[in-house]
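Below, chain A partners chain B and then partners chain C, in two separate complexes.
For the complex of A and B:
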């Protein structure tokens, strides 16, 4: 029984779909909640689409991780704007293909669908962040 | 006529020079380099990146797709598929036909022609075709120096100003040549013999088309084969190849090279694509429309790169190849 939790999260994991609180405008990602984490209401939630480019708000560089991770590995808190109006979602995400020395608060990052881990050999894909390819030209 | 609404490509960031591979094992070093998938980058992720670029170029929402075709020679799974996962990731869910074409680098044109026929038959208005590969090759084999990775995609439809599929021909020979058992390293066979069969198969496909293209993309398992086929077919066209920078990316190569050619071509130019793999060859004639090129084109992906060591390239290739 390896699939149920990842199957239910595919819209968030693979398409950056988030939910917006109808009362206060808070954008929840990736959790699909009943009660708004910010205003405590039980609102009507609207599905919103996040953009694949955002801004680093904060980050840490992890140096001691299990063997399957490539270290040093930056982990960032990224603000991803919605398509259209509304607040951005504040998202936690791993980096990939990015030297920790290249990461800074305020930098623009791009989300790419990558293998996050596997369950019994079945890859589970989700977004990781990286320095945009166009910035390397 | 079936139109091209948009195209897109994606190449991994990492590269290794063929001399760096030869230095590890001795022997002959081919010129150029190959693209190496990252440790977390497999055929699904590569395909999704190219698909997103193509959909953006076409101005099409994934939710409006009627069908998704995926072609690959390096799917690590016998049972899972690639097409449905690319489809879902670009928001094409529900009544969306999905088809995986595999078993030969020619699978890319199997997919393109199946997609064309679906649109032509009125069964679909907008379809996505993706070729995605992360070729496997054991350490120390000659194929390690040519095993590339990347993805290319086309959005086809009943309208579109990026281009059109003008004509196509196919030449099924049953010849195998290079082959690869599931999960193992490829066995190349006799290079000269295979190259002669390649030229026969490709010229046989081209011969039934009455074309004098301005541009050509004829990817093959080794460099220079396409030039020989064009010369044998007496076609004088500008050849576009990523072999020296990416390597042989299997079923992805023809769609990457097609994108490269479309990005160089002028409106009104014609392009000849030809594929080859176990089973035979397909030739497809495209025309270039008025649309501008994608935001990130093949040249951008070729230029934005980072070299990795031999050891890292081995680890990345093996881990990425499992995804």
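For the complex of A and C:
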């Protein structure tokens, strides 16, 4: 694996920047395309900022992973709302600092910038999810 | 004017951990078994073209050459197909379409995968390959996400999901080509080690080597080869991505619904007409949501369908008489080809201990995941005793 793919994706990885389809309202994240993945149009796109707090749509707890991951490790499908009106973006996210037994469908989680893993010693940063600060059990 | 297409021969090998066999060994044996299965015999030079299904997970079977070498079928069009876990069924579909269109009278479909030479790469590749697309999502995670949501939204129970494994292992214990021939109980599934919550070890298909081959022919020649050709009446193929934001993709696979709709329309039937099905059960939950996606029951009612016994060998719509991927194994490129062969055997009444009662229509289904666990691809083929 090489570093450039991760360098290209820094805006999405590190700043939760997305784009919204002017035709159907689909929020594309992390991919930035000319063609909309939902409606197939080639619309005008508007840059939108995603909020770090989102909602768990579903989750699993992974117990068997390569050594780079600490297990048991919850992973979720999270809807991240955008600033203002409009649809959320749907993303995968690993959890951090979270008791697997606390995770549930519908819970609110917060994206936190973390080192996801490294490529030949170079860190790759992206978001992980955890229960929001001040909302600990 | 397009022609009708029939399966005239089918062969596979006993699936398993075949450390002593190379991919060429397996492919050659499956091919020879398929040739030998043709009722009136067939000469190798009567095959006009071939399609080779493999994801080449072990890195030793790239291109059409991977089929030419073990079969000796050089000098004819030979195409390698990769379509994730729908690779074998897509290879079959490609051969059928070519025969239907007239560019071949007789075509070979060969599927093979050497899973046990590469098992470490499966989980690691899915977990680590790309930060953006993969994000640590392994195969059991991709399907387990549907299980969690299905239980949350529809009240589907751990026991209902486990019953898929119990049923398929029961069937697999009677099926001679299956990798695993043991039976298990609901409690044993629920108590087996957790792989990825909510899925346990017995919710997961094993890592299995295997190969399968099918020979298809046009209606111009099929009956000269076969006393009882099995007709390919419909096919469908579609893709979808979880990232498109459709909530249906959280509890099932829109790609399966779309592929099935295409196949049913082409065949002129509906889900109620299906008498036997071989569907993709890489994990228990995959089969349960597939009942719904194929229309065997309404969305959310998969758990009730298995409670009623409708999908058992003697039920209304028997699903996976072969034991499915859970018992038979899932050598990816071979999987869909083997399923087609099993439907062919069922419709010819040659399925032995797992024969269902006098089926007329059979359905084969795969669902694959791609784009590092964001997208899904589904292929459905419908076969019939009647042309």
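The definition used in the following text is that the second predicted complex is superposed on the first by the 135 of 137 C-alpha atoms of A that agree within 3 Å, B and C clash if a C-alpha of one lies under 4 Å from a C-alpha of the other, contacts with A are read in each partner's own complex, and residues count from 1 in each chain.
In this text, a contact is a pair of C-beta atoms (placed from the backbone, for glycine too) under 8 Å apart; a residue touches a chain by one contact, two chains touch by 3 or more.
Computed from a predicted model, the values in this text were never measured in an experiment.
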{"item": "Chain C versus chain B on the shared chain A, clash or fit after superposition", "value": "fit"}
{"item": "First, second, both or neither for A:55, with chain B first and chain C second", "value": "neither"}
{"item": "Which of chain B and chain C A:133 touches, first, second, both or neither", "value": "first"}
{"item": "Touched partner set for A:108, first chain B, second chain C, both or neither", "value": "neither"}
{"item": "Which partner, chain B or chain C, touches more chain A residues", "value": "C"}
{"item": "Touched partner set for A:77, first chain B, second chain C, both or neither", "value": "second"}
{"item": "Touched partner set for A:116, first chain B, second chain C, both or neither", "value": "both"}
{"item": "Which superposed partner A:38 touches (first chain B, second chain C, both, neither)", "value": "second"}
{"item": "Superposed arrangement (fit on chain A Cα atoms) - minimum chain B/chain C Cα distance in Å", "value": "14"}
{"item": "Common ground on chain A, meaning residues reached by chain C in one complex and by chain B in the other", "value": "116"}
{"item": "For the chain B and chain A complex, residues of the former touching the latter", "value": "13-14, 38-42, 44-45, 48-49, 52, 80, 85, 88-91, 295-296, 300-301, 303-306, 320, 322-323"}
{"item": "Chain A - residues contacting chain B, complex", "value": "10, 14-15, 52, 70, 96-97, 112-116, 118, 121-123, 125, 128, 133-134, 136-137"}
{"item": "Contact set on chain C toward chain A in their complex", "value": "123-124, 127-132, 135-138, 140-141, 144-149, 152, 193-199, 241-245, 250, 373-374"}
{"item": "Chain C partner contacts - residues on chain A that touch it in the complex", "value": "1, 5-6, 9, 12-13, 26-27, 30-31, 37-38, 57-66, 68-69, 72-73, 75, 77, 87, 89-94, 100, 105, 116-117, 124, 126"}
